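Two complexes come next, and they have one chain in common, chain A, joined by chain B in the first and chain C in the second.
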Partner chain A sequence: MLTGVIAIKRLFSILLIISLCLLLSGCWNYQGLNKISIVSGVAIDRNVDNHNYQLTIEVFDLSGSGKEGGTKSQIVEAEGATIYDAVRNAKKRLTKKLYFSDMQLVVISNQIAREEGIQPILDWFMRNEKPRETFATVISQEKTAKEILTASGVDHKIVAEEIEKILDADNRTTASTKNIDTYKAMNILQGKEGNALVLPAVHCTSNQDKKVVEVNGCAIFKGDRLLGYLSPEETRYYLFAVDEIEGGILTFPFNEKNQDTQDNLTFEIFKNKTKRSYSYDGNRLKVFFDIKTTVALGEVGIDIDVSKKDNIEKIKTVAVTVFSDRLQTVIKKVQTEFGCDVFEIGTMISKKDPALWSQLKENWNIYFQGIDVEVRPEFEIINTALTK
Partner chain B sequence: MIKQGEVVTNERGIVMQKEMISMRQAICMITLFLFGNSALMGMGSGMGQDAWIAIVIGAVLGSLISLVYARVIRLFPERNLYDIAQAIFGKIIGKLIIVLMTWYAIHLAALVLRNYSEFIQIVALEETPQLAMMIVMLLITGYMAFSGIEVLSKWVVIAIVLVFMVVLFTVVLSIKQVTLTNILPVMTHDFAAVGSASLKLFAFPFAETVIFLALADSIKKSDNPYKIYLYGIFIGAMILIVTFLRNLMILGVPTLEKAYFPSYTAARIINIGELFSRIEITIFYNLILGGIAKISICLFAAIKGTEILFNIKSNKKIVFFISFIILLVSRYQYNSVMEMIKFIDIYQVYAVPFQIVIPVLVWIGAEIKTRKKRKTT
Partner chain C sequence: MLKKSSEKNKETEVSSDCSPVNLNQALSTSLEKNIETLKAIFIDDDTIATRWITNCHNTILQYCIVQNDGLVSSVIINENIIKPLMLSEALLNKGQQIDTLIQQVLLVNQVKRTKEWQEIIEAVTYGDTVLFVDGEKEALLLNSKGFNVRGIDEPSGEKILSGPREGFCEALMINLSLVKRRLRTNELKIKFQSLGVRTHTQVCICYIDSIVNKKVLEELQQRLEKIEIDGVLDSHYITECIRDSKWSPFRATGYTERPDVVVAKLLEGRVALFVDGSPVALTLPYLFIENFQSNEDYYLSFYYTSFERILRILSFLLTLMIPSIFILIVAFHHEILPTTLLINIARERLGVPLPAGLEAVIMLILFDILKETGIRLPSGIGQALSIVGALVIGQAAVEAKLVAAPMVVIIATTAITGLLVPKLNAPIVYIRLLLLALSSTLGLLGFILGLAGVLIHILNLYSFGIPQLTPMEHLRYQEVKDIYIRGPWWKMMNRPSKLTKNKKRLENADRGDCD
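Up next is the complex of A and B:
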């Protein structure tokens, strides 16, 4: 009798456990893979006629088999008064719901960035729980942002992924653009340290008559408004100034007879450390950039024996002067043309000397234009590759 | 009054012993209780990079008031706050204190529960009604209350190992994302602002440990209550500071201040290669473990209060009843997450009678009572 009761009890509790598994195992609104379209990137333009946002959304195309040539992408266009509105309006022409958790890229047209600012656009992407804060935001140098996403990548069929991968490896390989996660960009926009935002710039170029995307330097902002661009070459020197170089190439002219030759020496950067410091004597601020770079001599376009010590010394001297010159020029250009602190000098001062910063921060952008800069580069050439 | 080890028979004639917890378990309980929803809500308090100073001051203030709590336990060992209050102030005032403290335990459980249901709704299950999540969570804490405080204390020891491991894990994995200089400049906010933030942190979470007075009858006479409280608050504060610094160094001040749930946001950003990304789920269960511990402890306190108030012997019958009140309070106390955040400001005033006035009154009464006793004997 008693065993019978226990058996019934056991059976009952097993039933309860099973029913709990069924009831408690998922959320109310289960979404299967067949009900979502995974978004890889979004391009944002302004429709001039009705002033709506125009979204070009790149989604993974999972319909075909993945065997031939990897995953393809599809383009969905949508329009709306706000970003969220536009995202929802896309559903009008889709059976599946857009899913943003894997989004890697937002492309913003330079017209919006210049005229309206980027903060209102990024708000939804940061506020909504689906997009990850680490996606990249880039500025399209083409007429519209759509052109970027509708072009093609050389390696990947999915343009957003191509751009994201290029950005990710950039400061280790070419050092030609700025790689910054969007939450860090928002930190700069909302911070009180006078920092100016720098975002990567992207354009289209032709590769074997095919329109492909390419990163092309960086875009400089004042507040959240686009001011202008730095070329890839200038961006490299900018990256030296903010200590974000992890690799890349430096070229210099070198000729003992004729000083005005073309660049013919190539350094391959292995390691770089930029130390920034400043001195303030009561009314003038001077900023020092101590740049210590470990390089290899990767290409010598002139007939000299680079195994000789004095030749290496000569090369170093030339490199130091040319490098300081070029970095100074970039800093000067930013100071005069843009007048906003992209070099994080304000951040440096506010962290080291909050009292001084509270004095300076009032008119920081004006003050920044008149700062003296001293560049002190130092190169260590560790090898000359395979040949003497 | 049931003494330790005393054999009692309940109404069904089954022999049961009074449940006791060890000192280590008590310390772990306080630590996890402090971790609870504070790690979830982020302890930002508008102080930016200086918030860790506010946490330190809050913890010091919390330790000071905990000396009062510990003293009460020392004077009346193996008895809980409700018993002590009745013994000191007599039936009527004693009952009043019981009602107030029971209400506080219920309300605290409801607050924590709401924090979690809002959190889960915002980050994961948007369309699931919060009521459903609350019921599920209360089923677990109710089961915990059913099983008794010994089970809870053993569970806490396991849970705290997991919590520590996950915090350590996320700190190590975030190395690539951290900006150490985010902590600079130190003390840009003035002392008054940091002071008021630390008062907020004193009320939530450090002085909330007053709840443990209601469970004090399970603490052995031989264990030092001062040690339990101070170790618990020290370890709890350390882990909260580590969590805060991790969030600060990953997110930076503006994002940290903007996020409702900074720990979660920070975990979303952690990414080492492609391998260790999307680890927010670990943080998720970490936070939920803390929440379950905190709600369970409050539930125990509320049940004990109700038992003594209405002279009920077995707590099992009233678990449902109390859980139901918690559910109702939790469901109807706010209309939105904004109100929930705003309430922290009100809370620090609201909590004063429960966290300071009543314990201090009980303490003074206890001192007088024990002195008198000593004189007469």
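Up next is the complex of A and C:
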């Protein structure tokens, strides 16, 4: 009798523990893999007529065997008053539910970014628990964002994956755009240091008469509004300034005055360290960029004996002059054209001197336009490749 | 067949009395009466043969031998029992001749005097010859066993690459001889007792006196005494009767068909239990890690076998978890998968009729059916089975879109890893299905819940008072050497702690690093 009571008690407590586990656990749900459509990328436009969001959703096409030619993609279009509304409207023409966890790319049209800002658009992607927050957000330089997703990639059949992979490898090889995860972009938008957001820009180009996607510099924002673009070349110098260079090449004319002749030198960047500092004399702020770059001579378009130390020194001097010239031009352009702090100078000051920052914070964007900048590049040429 | 030749010997007709004979009655001095009783005891058993003998020098001396046909060696009976009894010229007095018979007449190595009918029955049915002497209240049990047994082969269940290949057979004494030959010391104790109300099976406990854990020994003897069972046909009968936590699917006693393994376990302080008629010896207490140990671990390079042992442990974990982890990822937590893998799995799952969880259960059961068929089949049909198994269940099912290809890979991996730990096959089947059921209903949560439950259960397992998870509960340098890996012999200075109080294995261990 007594053991019976104990057994019942024990059973009851086990049931209680199990039911507690069920109640206290987070979200989970049985969802068969054959009931979902896996989304790779989304392009967002504004329908001019009815002012609805126009979503172009790229999903993986699972119907093929996948053995020949890799996975293909399908395009689903949908409209809605909000992003979520549009996503749900898309279900009307689909048997499966859209699955956003593996989404890699959001393309936002030039027009929306310029006129409405990107924050309301990204809100759903960040607020909803499903998408990974590491997806990339890019700005379409074409007329609509849809054009990007409906173009094709060279390596992958899935455009979103293609752009994602290009962005991933960009800083190490070409340094032509800014690679930033969306959650970091959101942090900058919500941050208080007056940093400006920089997102990658993408356009379409022609490759063997096919319309393919290409990254094309970066887009500069003030708040969440698009102001303008930096070209890939300018972006490289921007990346130098914010110390995000991991590789890539630099090309200089040896003799700058003689523009017509082909006398270009190409450096391959191995390592770079940019140190930023500032001085403030109570009135004027001066920012210094100390750039230490290790490069190798990759291509020599002039007749010069690079095995001689003198010549290397000569090349170095030219490089330093041209480099600081160009970087200063880019900084000047940002200061005058955009007037927003994409170099994170505000962050630097607020960390080193909070008192000064609270003083400058008020009109930082205006103040930023008048900052003096000094660039102090230093090149170390570690080799000249194989040919002497 | 023995013939009743002598005219004097009368074959007494035993009344076909069905009432059981009183086994507690004393032996009579009258030879006829004793034989009558014996015939009554073995009524309707035609293999029991009697043979009357009279000494040719002194016809007053009458004897009768009783033996069981087929279990005895007729050479022994003819040459060593009948011949001396007939021709003996020793001074024999009716009524006081037992001692003289034993000492001067019978040419038999083992002679036992008895007054008990029960003992006589057990001796006759075990191939001994009973000698009734006219005028004596005692009978003599003479060893004349001559039955055939299987030879000493390599056990097919425990094949190894190198090392001793002898295996036990069904005869207890031969098995003991195999052990004894390897342990030539007076400290090896061998104690017999008989078990089984009907079968009276000989059971034997072996241990090394100076190493054995006395508590375990006592516990074992107590538990053996408590057994009330009809018959013991294999050592496994005993396993289930003497184990702790009787409902657990995990083993509580070790089993082996190899004498070298038994000796190794004895040397670590364990007790071995032999059962007559079974080639499987039990060793106890049994630690959980023994599931992953093999005798070959000690016969090959320790580098190699350490790796093997880690593989076995890994396989155990894999075979338990692979199907359930796969299901919980595919059905609940797709986010874990990298995109490419997700796409590939999703593509395969497209157009498959059953949900993943059900599919896994069906495939698992199918594999278990295949495995069982493979064991039971006559060897000639095995090839047909493997073709059916590989082609139908593997390839054709995938091509017909009945199951998804990744599932076949998962089930195959589960099956192969499961075969690596044969000693755990019973718990594996159940735990695997339990985890599968939990993870296909509750996802990762259910999986963890189930795993925690299994772990709690294993932690609660005892074998003769010793926790089975010893010595894995905490890491000690000295003990790690024979758990997850197999250390070199010159480094294994101690016996496993808790098994024995006599710890030192190597004589000069004190210069080493024992803890």
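The working rule: the second predicted complex is superposed on the first by the 350 of 388 C-alpha atoms of A that agree within 3 Å, B and C clash if a C-alpha of one lies under 4 Å from a C-alpha of the other, contacts with A are read in each partner's own complex, and residues count from 1 in each chain.
The rule is simple: a contact is a pair of C-beta atoms (placed from the backbone, for glycine too) under 8 Å apart; a residue touches a chain by one contact, two chains touch by 3 or more.
Since we're looking at a predicted model, the values are computed, not measured.
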Chain B versus chain C as contact partner of A:T71, first or second or both or neither
second
Figure out whether A:I18 sits in contact with chain B (first) or chain C (second), or with both, or with neither.
second
Touching A:G191, do we find chain B (first), chain C (second), both, or neither?
first
Touch test for A:N283: chain B only (first), chain C only (second), both, or neither?
neither
Looking at A:I38 after the superposition, I want to know if it touches chain B, chain C, both of them or none. Which is it: first, second, both, neither?
second
What is the contact status of A:R132 with respect to chain B (first) and chain C (second): first, second, both, or neither?
both
For A:T95, decide between first (touching chain B), second (touching chain C), both and neither.
neither
Given the touch rule stated above, what does A:Y183 touch, chain B (first), chain C (second), both, or neither?
first
Thinking of the overlay built on chain A, is A:S350 touched by chain B (first), by chain C (second), by both, or by neither?
first
Contacts of chain A common to chain B and chain C in the A-superposed view 28-29, 132
In the complex formed with chain C, which residues of chain A make contact?
18, 21-22, 25, 28-34, 36, 38, 40, 60, 62-63, 65-66, 71, 99, 101-102, 104, 132, 161
For the chain C and chain A complex, residues of the former touching the latter:
330-335, 339, 342-347, 349-352, 355-356, 440-445, 449
Would you tell me which residues of chain B are touching chain A in their complex?
122-129, 132, 136, 181, 184-185, 188, 251-255, 258, 265, 268-269, 271
Hey, which residues of chain A end up touching chain B in the complex?
24, 27-29, 129, 132-134, 181, 183-184, 186-187, 189-191, 350-352, 354, 357
